[in-house]
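Each of the next two complexes has chain A plus one other chain: chain B in the first, chain C in the second.
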Partner chain A sequence: MSNKYQITIGIECHVQLATKTKLFSEVDNDARGKAPNTCVSPVDYALPGMLPRLNRTAIEMAIKVGHALNATINPLSRFDRKHYYYPDLPKGYQISQLYQPIIGAGQIELPDGTKVRIEHAHLEEDAGKLTHFGDYSLVDLNRAGTPLIEIVSMPDIHSAKHAHDYCKELWRIMTYAGVCHGDLYHGNMRFDVNISLALPDAEKLGTRAEIKNLNSFRSVERAVEYEYQRQSALLDRGERVVQETRGWSDDTGKTTSQRSKEEAQDYRYMPEPDIPPIRLSNETIAKIQATLPLMPADYRARFAGVIPADTLEILLDYPQLIRKLGEFADLLGENSPKSIQKIANIFTSVLLAEENTSLLNDPLPSAEQLRDLALMNDNQELSSTATKEVFLKFFDPEMHFKDTKTIAKELGVIQENDLDALGQIVDQVLQDPTTQQAQADFRAGQEKVLGFLVGQVMKASRGKANPSSAQALLRQKLQN
Partner chain B sequence: MKISREEILHLSNLSNFSLSEEEITSLGADLENIITYISQLDELDTTGVEPTYQVFEMENVWREDEILPQEADREALLALAPEALDYQIKVPKVL
Partner chain C sequence: MKIANKTVTATRLVEDALKKAAEFADYNIFTSLNTDLALQKAAEIDRKIAAGEPVGRLAGVPYALKDNFLSPEGHTTASSKILEPLQSPITATAVAKLEAEGAIMIGRVNLDSFAHGSSTENSYFGPTKNSADPTRVAGGSSGGSAVAVALDIVQFATGTDTGGSIRQPASFNGVYGFKPTYGAISRYGVVAMASSTDCVGFFTHTPEDMDLLMQITAGQDPNDTTTLPDFYGQKSTTATKPTIGIIKDFDTDAIAPEIKQAMTAQIAKLQKSGHQIVELEMPTLKYALAVYYVVAPAELASNLSRHDGIRYGYRNAEASDLASVYAKTRHDGFMPENKRRIMIGNFVLSSGFYDAYYLKAQKVRTLIIEEYQKAFAKCDFILTPVSPNPAFKLGEKVNDPVAMYLEDVLSVPINLAGLPSLAFPVKSDSALPIGLQLVGPRRSDQTLINFAKEL
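Up next is the complex of A and B:
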């Protein structure tokens, strides 16, 4: 990206809430793997006379989301009708919140410290799913009525990377908060990205294009990069950017103008008369917000200066790993940065290695097992290879319930640090006729044969000797 | 209040209705009458009056998040659609 123009980006993010039932009907909200139109009720079908019945859990999740976005919760919120005519919306209107949304202004911080303000966030219902064929389309209403939270950012984002990071951070926040399954492939989170360019000294923002319905962080980043090229080329030629909705194709790597929906922009919002307002006391809000688990930003603050930022960002993609690390750090107290680093490294180097990622679905070792593992490694009872070997056994169904020392013993990988015992093994090696030549060579000044002798000690100890202790002891005995 | 032909067409388009020439004229006249009648309310001074969103003074009407069996099953619901295919509602192609 050149930097002739300043790019300004605002993002609307739709988050599907992981409630058991839909927002306004008592129907299964989890349609994953279910046949079309099996999760529908007369309410979702909009049969005449059907009335919405508000899901209390969706309100509670919205309150949590508000807290996670460092936002205010409005003590009074209401629902409104947004009218448009489309086959995925049987009622002819979507129940949304325009005038008094449940979540007010907030702010999140990206990993590099950039702040993005949240304008507001509101609750609304999802529409059904359309599949297009030759001259007809098919409608599946399983998704119609799924609760959504739409999070609207301020235009505080000024690069493709920050657009990517913002979406990813929202995804982390929603999954940490436990309000969303976070499956992007199945559309659990979808992003609409508004992009405009202007010269850096311009007084107002340029005309924006809106790229609708992106469902991966990478698509968001690529679409922004593409739009920068497209819009800057137009501006360079003295042409205008048209305010319009555009679609993104991952295959072509381009955005294209979608059929203008200018007629449909007249939504004729009106208050929803079927749902009384939501009034929330400070006590109710505080009680629900107290159940919010630690957020990515909390872990960043906690482990700053202990775990390198890039390792930390990798771990943050796996809530179970960073939570286990937090539990481990709680058990150890804050004065053990080395042990925390050690376990963080084992997590990233062993668990995130391609051949082991299936282990991420298994229960993780207990904080106590990890504490003993770090301790045995510190005491040089376990070499770094043995440490990893024991760690992997924590996932073995036959062994995972055993304590670290027992597992290490059964594996026979505890290093011999008993100097008397080591001394005996060294003596035994030095008396062995096959090592006499090497000893003579060492005395004659050939340092490197020491490696061979250490190897013999390791062999005699069946791998349990601590190599650096063995080397020190050999040197001492040979020089006397 | 005058309702233009364009406004009638705009409204019919938003509602996905196709209107005959006669209907455009007659509905236009009807709408004009209705809106003129309702517009009498504009004469009232409503400064400082909170808008009425609903007439029952209820708040926080909600239910627990529990799945309940539905009386109408998929077949019953699909039977109401003009056309169905592969357990889905078949509609003219939209984009």
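Up next is the complex of A and C:
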């Protein structure tokens, strides 16, 4: 990206809430792996005479989301109808919140400290899904009525990277809050990105284009980069950017025009008369807010200066890992940055190594097991190789319930740190006729044969000797 | 209510009702009859009675169902083409409660298509005729219900009242018609017209029957979150010598002389029996009709959006793409009056017009509600005519929508304020039935009905 123009970006993010039932009916909200139109009630397919029944869990989740976005919760909110015709929208209107949304202004902070303000966030229902075939289309209403929260940002984002980071941070916040399955591939979160360009000293923002329905952080980033090129080329030629909705193709890496402002639909919003206003007391709000678990920003604050930022950001993608690390740090009580680093490193280097990622689906070791592991490593009872070996055994169904020391013993990997015992093994090696030549060579000044001798000690100790102690002892004895 | 017993069996009651329905076929009351199921149910009730098993408070009572209620019995048409083949998988809450007490639906009855109208002439199945004069309209939109009760085919009928659709046909046919407080009876399973004023209610021969039906059907329903917490029948509800308000603003030349006469006679009667009469000034009510014809079309246009030919009901077979499926299906499926109201509704909700029409109408609606609150500080009930005229001739107002809308001028303010109102027949010299209505504060439903017993 050149930087002739300043880019300004605002993002609307749709989050599918992981409620048990739909927003306005009592059918299963989780249609994963289910046949089309099997999670549909008469409310969802809009039989005449059907009335919406508001799902209280969705309201509770919205309160949590609001808290996670550092936003105000409106004590009084209402639903509105947004009208348009499409076969995936059974009622001919979507129940949404235009005039009095449940979540007011808020703000989140990106990993690099950039702040993005939230304009508001509201509850609404998802539409169904249309699949087009040759000369016909089929409607699947399993998704119709799934609760969504739409989070509308202020135009506070000024780069493709920040657009990416903002979307990713929202994804983390939603998964941490436990309100969303976070499966982007299946559309659990979708992003509409508004992009405009203006000269840095311009008083007004430029005309924006809206890129609809992006479903990955990478495509958000790429679409923004593409739009910068497209819009700046237009402006360079003295042409105008048209206010319009554009679609993104991952295959071509381009956005294409879908609908201009002139063709924009008139949604004929009106208050939803079938749902009474939602009134929330301060007590209710506070009670639900208190159930919000720690957010990524909380972990950043906690581990700042302890875990390197890049390692921390990797760990933050795995809520279960960062939570375990938090639990581990809690157990250690006092400040033990080195142990925390150690476990963080094991998580990233062992657990996130490609061959081991399947283990992420298994229960993690307990904080106690990890504490003992770090301790044994500190005490040099476990070499770094042995530490990783024991760590992997925590996932072994035969082993995972055993304490660290027992596992280490069963594996026979505890290092021999008793210097007297080690001295006896060293003496034994030095008396061995097969090592006499090497000893003579060492005395003659050939340092590198020491490695051979250490190897012999390790062998004699069946691997339990601490190699650096063995080396020190050998050197001492040979030089006397 | 004449409920079935060992001598007058449910089967006999149902057979009599079906016989009368056939006898009055010319009146075009029924959209469909429920003969087989009704007789089956009657036989079951008779078996229970014979066996000494308990039966409900409406055991074997035949009734007529306005054809905008959903139940798996028969097809719900809302007297439209667009819903004609619809069989419902669910039962409306009100219907379920009636059936649980042993009431037997003998047939579905005619209405103005989607309850849009005041004469039952806007029905896809043609008009229903007035019970007292078959050259006149039945009133509407619940015309079939009113005539079915007036001709004594059934002991009661269900209705819906959005802007007068129960009370006006009740008064055109000389029966009792009750529109409860908004939210007293669940709307679940009733084809919606205007959600914020739609009310389920009944037609009966007596206020006693009305009281019983209200006791059975009123109550909070989790499937309709706009229903009020249970209040009907909850506490002692007799008003001693209630003060009656009359609205000066309604005493105009627009009211037919025979109706004014009926009002005067009723007031004299009330005074004679010791009731205090107070005159009320309610200047905001004259805006009610205008407000109603903004709010109701907006809501009904929205509610009718679901009829798109995609999932159920009629679909134009020649439509070749999505836009023509919508356009042709809705063009064929809706009656002219439906389309007129959809157009009005979509217009007042359009971008740029919302504030000027819908929002302003809602503000005036609040003023109307407040005006009623002030009025009820001065009186217990308000007495007014139901409609400016008795039943008019078939065809007389079909081509003049505004004249037709003016029929509702005395009833819509009550719907906008969500108040209970009972239309009751009065004796007069007129050849045509005349009804007046009593209006009470919200939740005064039972007091109101009990008071009507004394009239």
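We adopt the following convention: the second predicted complex is superposed on the first by the 473 of 480 C-alpha atoms of A that agree within 3 Å, B and C clash if a C-alpha of one lies under 4 Å from a C-alpha of the other, contacts with A are read in each partner's own complex, and residues count from 1 in each chain.
Definition applied: a contact is a pair of C-beta atoms (placed from the backbone, for glycine too) under 8 Å apart; a residue touches a chain by one contact, two chains touch by 3 or more.
Here the structure is a predicted model, which is why all the values come from computation and not from measurement.
In the superposed model, A:138 makes contact with chain B only, not with chain C.
In the superposition on chain A, A:54 contacts both chain B and chain C. When both complexes are overlaid on chain A, the residue A:93 reaches chain C alone and has no touch with chain B.
Touch criterion met: A:85 reaches chain B and chain C at once. Annotation for chain A, partner touching more residues between chain B and chain C: B. Judged by the touch definition given at the top, the superposed model places A:35 against chain B, while chain C stays out of reach. Of the two partner chains placed by superposition, chain B and chain C are both touched by A:268.
By the document's definition of touching, both partners, chain B and chain C, reach A:45. When the shared chain is aligned, chain B and chain C each come close enough to touch A:276.
The residues of chain A shared by its contacts with chain B and with chain C are 42, 45, 47, 53-54, 83, 85, 87, 92, 139, 266, 268, 273, 275-276.
Within the complex formed with chain B, the residues of chain A that make contact are 19-21, 26-28, 35-38, 40-42, 45, 47, 53-59, 78, 83-87, 92, 130-141, 259, 263-264, 266, 268, 271, 273, 275-279.
By the touch criterion given at the top, residues 10, 13-16, 51, 53-54, 56, 58-68, 70-72, 74, 77-78, 80, 85-95 of chain B touch chain A in their complex.
The touching residues of chain A, counted against chain C in their complex, run 42, 45-54, 81, 83, 85, 87, 90-93, 139, 266-270, 273-276. Residue ranges of chain C in contact with chain A, taken from their complex: 68-70, 76, 78, 83, 86, 88-90, 92, 187-192, 194-196, 222-226, 298-299, 302, 304-308, 310-312, 322, 326, 346, 349-351, 354, 358.
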